[in-house]
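Structure first, then comments.
In this document, chain identifiers A, B, C and D correspond to the written order of the chains, with residue numbering beginning at 1 in each.
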Amino acid sequence: MITLSSYLMISLALFLSGLVVMIARKNIIAILLGIELILNSAALNFAAYTRFVNQNIEGHIVSLFIIVIAAAEAAVGLGIVIRFFQMRESIHIDDAAQLQS
Amino acid sequence: MDYTIWTIAPIVLLPFFAFVINAFIVKKFTKLAVAISCAAILGSFGFATRIFSDFVFGKYAEDYHIHKVFNWFDLSYGSQIFKLDMGIYIDNMSAVMLFMVTGVASLIHIFSTYYMAEDKRFGRFFVYMSLFTSAMLGLVLSDNLLSVFIFWELMGFCSYSLIGFYYEKEGAGNASMKAFMTTRVGDVFFLLGILAIWSVVGNVTFVDIYRAISDGSFNSLYALGIPLATFAGFSIFMGTIGKSAQFPLQVWLPDAMFGPTPCSALIHAATMVAAGVYLSLRMYPLMEIGHLTTMIAYIGGITAFGAATIALVQTDIKAVLAYSTISQLGYMVLGVGVGSYNAAFMHLITHAVFKACLFLSAGSVIHSLHDHHTHEHVQEMPRMGGLRHKMPFTFWAMMFCTLAIAGVPFFSGFVSKDRILGDALLMALANKTYIVPMVLGFGGALLTAFYMFRMMFLTFFGEPRDKDLYDHTKKEKFSLNRNFPLLLLSVFTLGVFFSGSLTGQGFIKVASEKRYEWFKVLITKPKVEKFASYERQPWGHTDIKSNFQLSEAKYDYNYGLSAKEAHHIHHWHLIGALISIFIAFSGIFIAYMMYIKKAWNPGWWVSMFTRWYRALQNRYYFDDFYIGGLIKKGLLPFNNLLAFIDMGLYDRYAIDGWEKVNRAFYTVSGWFDNIFVDTIAVDGTGASVRLFNVVLRMIQSGKIQLYFMIIVFTLVGFIWTL
Amino acid sequence: MHGSSHLLNWILWMPFIGVLGNLLIPGSKKNAIRYWSLINTAITFILTLVLYKNFDTSVAGMQEAYNFSIPWIKQFNIFYTVGVDGISLPMIILTGLLFFLCILSSWTVEKSVKGYFSLFLFLQASVFGVFLSLDFFLFYVFWEVMLIPMFFLIGIWGGENKEYAAVKFFLYTFFGSILMLVGMVALYYAKGKGVDAFNILALSGGQFTDLKLSMFGSEFSFDKLFFVFMFIGFAIKVPVFPFHTWLPHAHVQAPTAVSVILAGVLLKMGTYGFLRIAYPIFPSASVYFADAIAWLGLVNVIYGAFCAMAQTDVKKLVAYSSVSHMGFVMLGLAAMTTQGMNGAVLQMFNHGTSTAMMFLLIGILYERSHHRYIVRPDGSKGFGGLYTQLPKFSIVFIIAMFASMGLPGLSGFISEALIFLGIYERYTTITVLALIGLLLGAAYLLWMFKRMFFGDVIEECKSYTDMNAREIAYMLPLCVAVIVFGIYPAPILNMMKASVGSLVKLLGTY
Amino acid sequence: MFDNILFLLSASLTVVGAFSVVLTKNLMHSCVYLLAALFGMAGLYATLGADFLAATQLVVYVGGVVILMLFAVMLTGGDQDKENKFGITKVPAMGNTKTFIAGGISALVIALVILRLVANIAKQNPQGDLPNYMSTVVEIGTKLVTDHVLAFEISSVLLLGALVGAAVIARPARGDDQ
């Protein structure tokens, strides 16, 4: 039986995966991957609630915006990563602990 | 002329002013100072003679007194009365005493002008002598124990100064200190006695003490659990023991011979040491009611005999005389103890005369004998001998005195000593406890005769043992200041001046009783009951001479007893006299056999009694015991210990220890302040900020994952609260 | 303000004028400072004599003519009140005399002359203040102020261990003062903080006899408790036995003149405190504690004498003799009889003169020898044959020594005899034991004298010169005093007898 | 039935992909697994009737973002320093046990919290109407230009900004040799 809970559980699994990736990984790109996962779990929730609870399209639109933001974020984040890599020759997150170069 | 204060006080004041004046001028005008001293004492002698003649040769009354008082100071305030009166008190005894003291002192002053003339401190000697004489006379004139004590101590000071006269010598320092300290032991007791009496009588005038005794005020009063009369009497008698060099405080007197010989004659033979006996006589009623006479007799007997034994082995001429002085003082005390009141006093007077003469003669001998090698005068008898050819006047003077002290009949010493011994014999018969003092007394008499003649024989007879010394000695020429005092004093060693009878006990009556038995008539035990209604006169009062004829005393041959009882006494007195005579001659005979005939060898005796001989030479080890034992092993270590406890322990730990306690306190409080107040409370505020800062800085690590975790947990917390 | 004469004010403030004068004189003009100080103390001494001349000996209380009182700190009813009676007058004269002589004896001080003389005069003023104050607060202030010049005089001009001695002196006395302060404040409150709450005369008379005080959960007798406080405060100054150890240190380290003042005047402040404050204010407690005082006095006498005998330092010996002699004063105070109390006050005066002589003489000797050993630590003689070398000195020394040991005819005897007469009936045992102190007193002094003065002149002493004119000049008045008051003590006794008598009468009612 | 199969497949793909992203040690692999997870997501959108969303998911994520990621990985590949400039050994780029424990605990905690919330929802178990599988494009387009026009415009500006920003940031600094 596919219920709201099923989606929510999947969403939870995605969120937790993203969370663990964000915390456990030291690679900036990997962290970005975690962020993507978390964003997706949020988007899935919106879509699931649209389907099971209030039946209007607003949830899809929010999910859509999430995807847009995720894309923007990925673009900017990866740009930063590249730039950071150029400066430090490293994408280790602990090397990025200073406010000043 | 009647007696006002201005005819009595000069007796004391003349020598005193001489002292004051001389103290200032002695350095520059030595001769003048000496003259002033001599003039002063002769002046005193004049005033004293007047009193003496009035009391003795006048139509005297046996209980007549001159008693004048003035207020020394008065502390009364409101109802609290405290007055201290000082006064002059002259009765028969003090009149005789005054005469003796001034007379002997005058002669000794005169002799000193010969003896001390070459001394570098000629003048100073007279300064001390004047002070001493005035103190002694003051003592005699005193009407109360406190002023007796004052003059007593002043004499002690003079004695101290004169013993330490040759202060270059280390020994003089020791001797003077020893003399002062030993007598001071007695003096402290004396003061205690004064205090005890004061607590009963409220006064220490002789008159009031007698009155209190007759009132029975002393009965049933106790001090420290002892009957008060005994306590006070004993304390005062301790003063006598100290001053009169009685056993066990006799140690100082032989050492006192460090002083110049005339001062030995005056102070340590004739007057000051006799003052102790004088005090005992004055306080005789107290001793009596305090039941102290037995003890006094024992002390007197022991002293008389013990000192005589020591005198046997002395070779220093002055040491012999010193021990003989102790011994004779012992006889006086024995006399006090056996109730032979006037004989004791008579012995005091006769002894003063002949002992002064003996000392002066010894001084004359010593002064003549001058060792050319050591430039010192010779005092050792083994270096003398045959000196009677060189100094005949001295020899005869000394011979008379020796006869007197040895107890040869017709001499004063026999009169007085025999009476003491006779009374001792009587007492021993009546009371067995007195047997020991009696035997000691007779034994001492034998020894006295022996050692005195030993001294005479060794000094004046036989062949000169130190030829060099003998040849350098000039032949004595009669000179007024050297020989006159000797000869005059030696004249007064004749018994007739003191008693009309041969022995003073009625053995052979020479003349009518009253005129010639003046001593027995004048000097009687104070009859305390007579003082019950006695009034004293104010200072300015004039004692009318005609009052002296109030009631004539009679010489009572039978002592106021029945003829039968008196016969018993006379009987035993006679036996005593015979024993004395026998003893005296035996002593002389032994000495003769030993030192003139050389039939008996004294060395044999020495070898027979080696241990005793050594004990005698060491003065029965008294000095060793006192100085070596009590002081060096007892007092000084104790002092050092106490001083160590005081500074080394008490001060260092108990007082400065507070510093340690304080340090502990301030360490703890400082620590507390530092740790709790400053570090924890004050710095803790800062530290907590810093801790916060450390934590926050740890958070603010720039590590995004950490931020993320914080966000997550914050979020969790936030959700949890929903 | 009552009383018209300012004589007491002049006496009290004259030394301050001297201090101000000294401060105005440049420090390089040493002689000017010395002469100015000498003149100043001479004037003060003359003023005290004027006071003596006009003194009415028949009055027991304060002399009306000289009382002077103005408010000082009105809020707390503290007054500047000065007055003189028979107990304080001998002390005032003694103070005037000794300071005058001490200035003379300090002529040879070369170290910071200006400071020395200024502090010395300052000390004099504070001592006068103590003896003249009738306001407890004023008394206390002077009592404390006195410590300041003493501290510096010992601490700067003293011997090799001066800092220790100065600090010890200061702390010891200060400890006592604090207890006294507590007592003073307690009295102030007990009296209701009124106008007369600090007035010694108004406080006295035994009005606190029945007052109770509860503290720490139990009840205390007010007068007994604070008598003990006062007692300790004064006893330290005397010094009474367990509190005596500052004295040898202070004496040994202090310069000559300061030793003289310390022994001659400052110790008397303690016993004066008893007579002026502790006894009149707490008469019942005084009577209650008389036994204890007597026993402590006895311990002082004996213990001081024993300790004195063991000393090898002359000054320390004399210091301990002071302990012993002040014990006699305590005995006299414990007697609470006319003789005893008069004797005690007389002993205060006499000890002041005789011990001052001793210290001055030791100072004279020290200027020649620069040491004070009777026996050096290595066992050799420190002095020997001084009698031969210094005849004048020796004679004065003999007078001082015998006066100190109480030879009749010199001043010490009468006071000691009076004390003994006073105490015998009440404390026979104590008297007997205290007499041993008299014996020991003679012993240690004579022994010292023997070791220092008799025998051959030792090599070191051969360079010593006899007393010079200045030294004779300042010894002479004391010699005269010692002898004259020894023969005829009535002038001093007459001064004090009414005042002492009224105090005895007060004590007699309890 | 189809829905169920689709859901199961998509869900499996998503969850397995997500977990693989977590568990793999290789960054490139993890990107690929992410791709798989995103595919699954698209399938889930499809089961929810969000066709446009599924398409967008595929286009934007799978076609854009993940490719971008792969490029970035390749650009920044190579040897990484094992130590930082202070000489301290760095945690490995793909994490180690400690970091995974930290992550795991965090995940556990938040999982519990969220499960507590989800439990309530599961009890209610809302069941809306099943989707009719109509196209949502019209409706979304209408909504975007009507109700959500502002958000739409802002997101476009955001995208533009992101684009420009990424280009600017990634561009080497002027004068920079690299």
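Keep in mind that, in the parts below, a residue touches a chain if its C-beta (ideal position, glycine included) is under 8 Å from a C-beta of that chain, and two chains touch if they have at least 3 such contacts.
Note that the structure is a prediction, hence the values are computed from the model and not measured.
*Asks:* Looking only at C-beta pairs in contact, point me to the busier pair out of A-D and A-B.
*Replies:* If we tally the C-beta pairs in contact for A-D and A-B, the bigger total goes to A-D.
*Asks:* What is the distance, in whole Å, between the centres of chain A and chain D, each centre taken as the mean of its C-alpha atoms?
*Replies:* Distance between chain centres: 5 Å.
*Asks:* When the centre of a chain is set as the mean of its C-alpha atoms, what distance in Å lies between chain A and chain B?
*Replies:* Whole-Å distance between the two chain centres: 126.
*Asks:* Averaging over Cα atoms per chain, report the distance between chain A and chain C in Å.
*Replies:* That pair's centroid distance is 99 Å.
*Asks:* Between chain B and chain C, what is the gap in Å from one C-alpha centre to the other?
*Replies:* Roughly 35 Å separates the two chain centres.
*Asks:* Specify, in ascending order, the residues of chain B that touch 2 or more different other chains.
*Replies:* 705, 709, 712
*Asks:* In chain A, which residues are in touch with two or more of the other chains?
*Replies:* Those would be 19, 22-23, 26, 94.
*Asks:* Multi-chain contacts only, two chains or more: what residues does chain D have there?
*Replies:* Those would be 99, 102, 106, 110.
*Asks:* Please give all chain pairs that are in touch with each other.
*Replies:* So, checking each combination of chains, I get A-B, A-D, B-C, B-D as the touching pairs.
*Asks:* Quick check on the complex: what are the chain B residues that touch chain D?
*Replies:* Per the touch definition, chain B meets chain D at residues 705, 709, 712-713, 715-716, 719-720.
*Asks:* Report the residues of chain B in contact with chain A in the complex, numbered from low to high.
*Replies:* 701-705, 708-709, 712
*Asks:* Using the touch definition up top, name the residues of chain B that touch chain C in the complex.
*Replies:* The contact residues of chain B facing chain C are 72-82, 146, 149-154, 157, 160-161, 164, 167-170, 172-174, 176-177, 180-181, 184-185, 188-189, 191-192, 195-196, 198-199, 223-224, 635-636, 638-640, 642-644, 646-647, 650-651, 655-656.
*Asks:* Where on chain D does chain B make contact in their complex?
*Replies:* 99, 102, 106, 109-110, 113, 117
*Asks:* Show which residues of chain C lie in contact with chain B when the two form their complex.
*Replies:* 60, 168, 172, 245-246, 248-249, 303, 306-307, 309-311, 337-339, 342, 385, 387-388, 398, 402, 407-409, 413, 417-418, 420-421, 424-425, 428-429, 431-432, 435-436, 438-439, 442-443, 446-447, 449-451, 453-456, 488-490, 493-494, 497-498, 500-502, 504-505, 508
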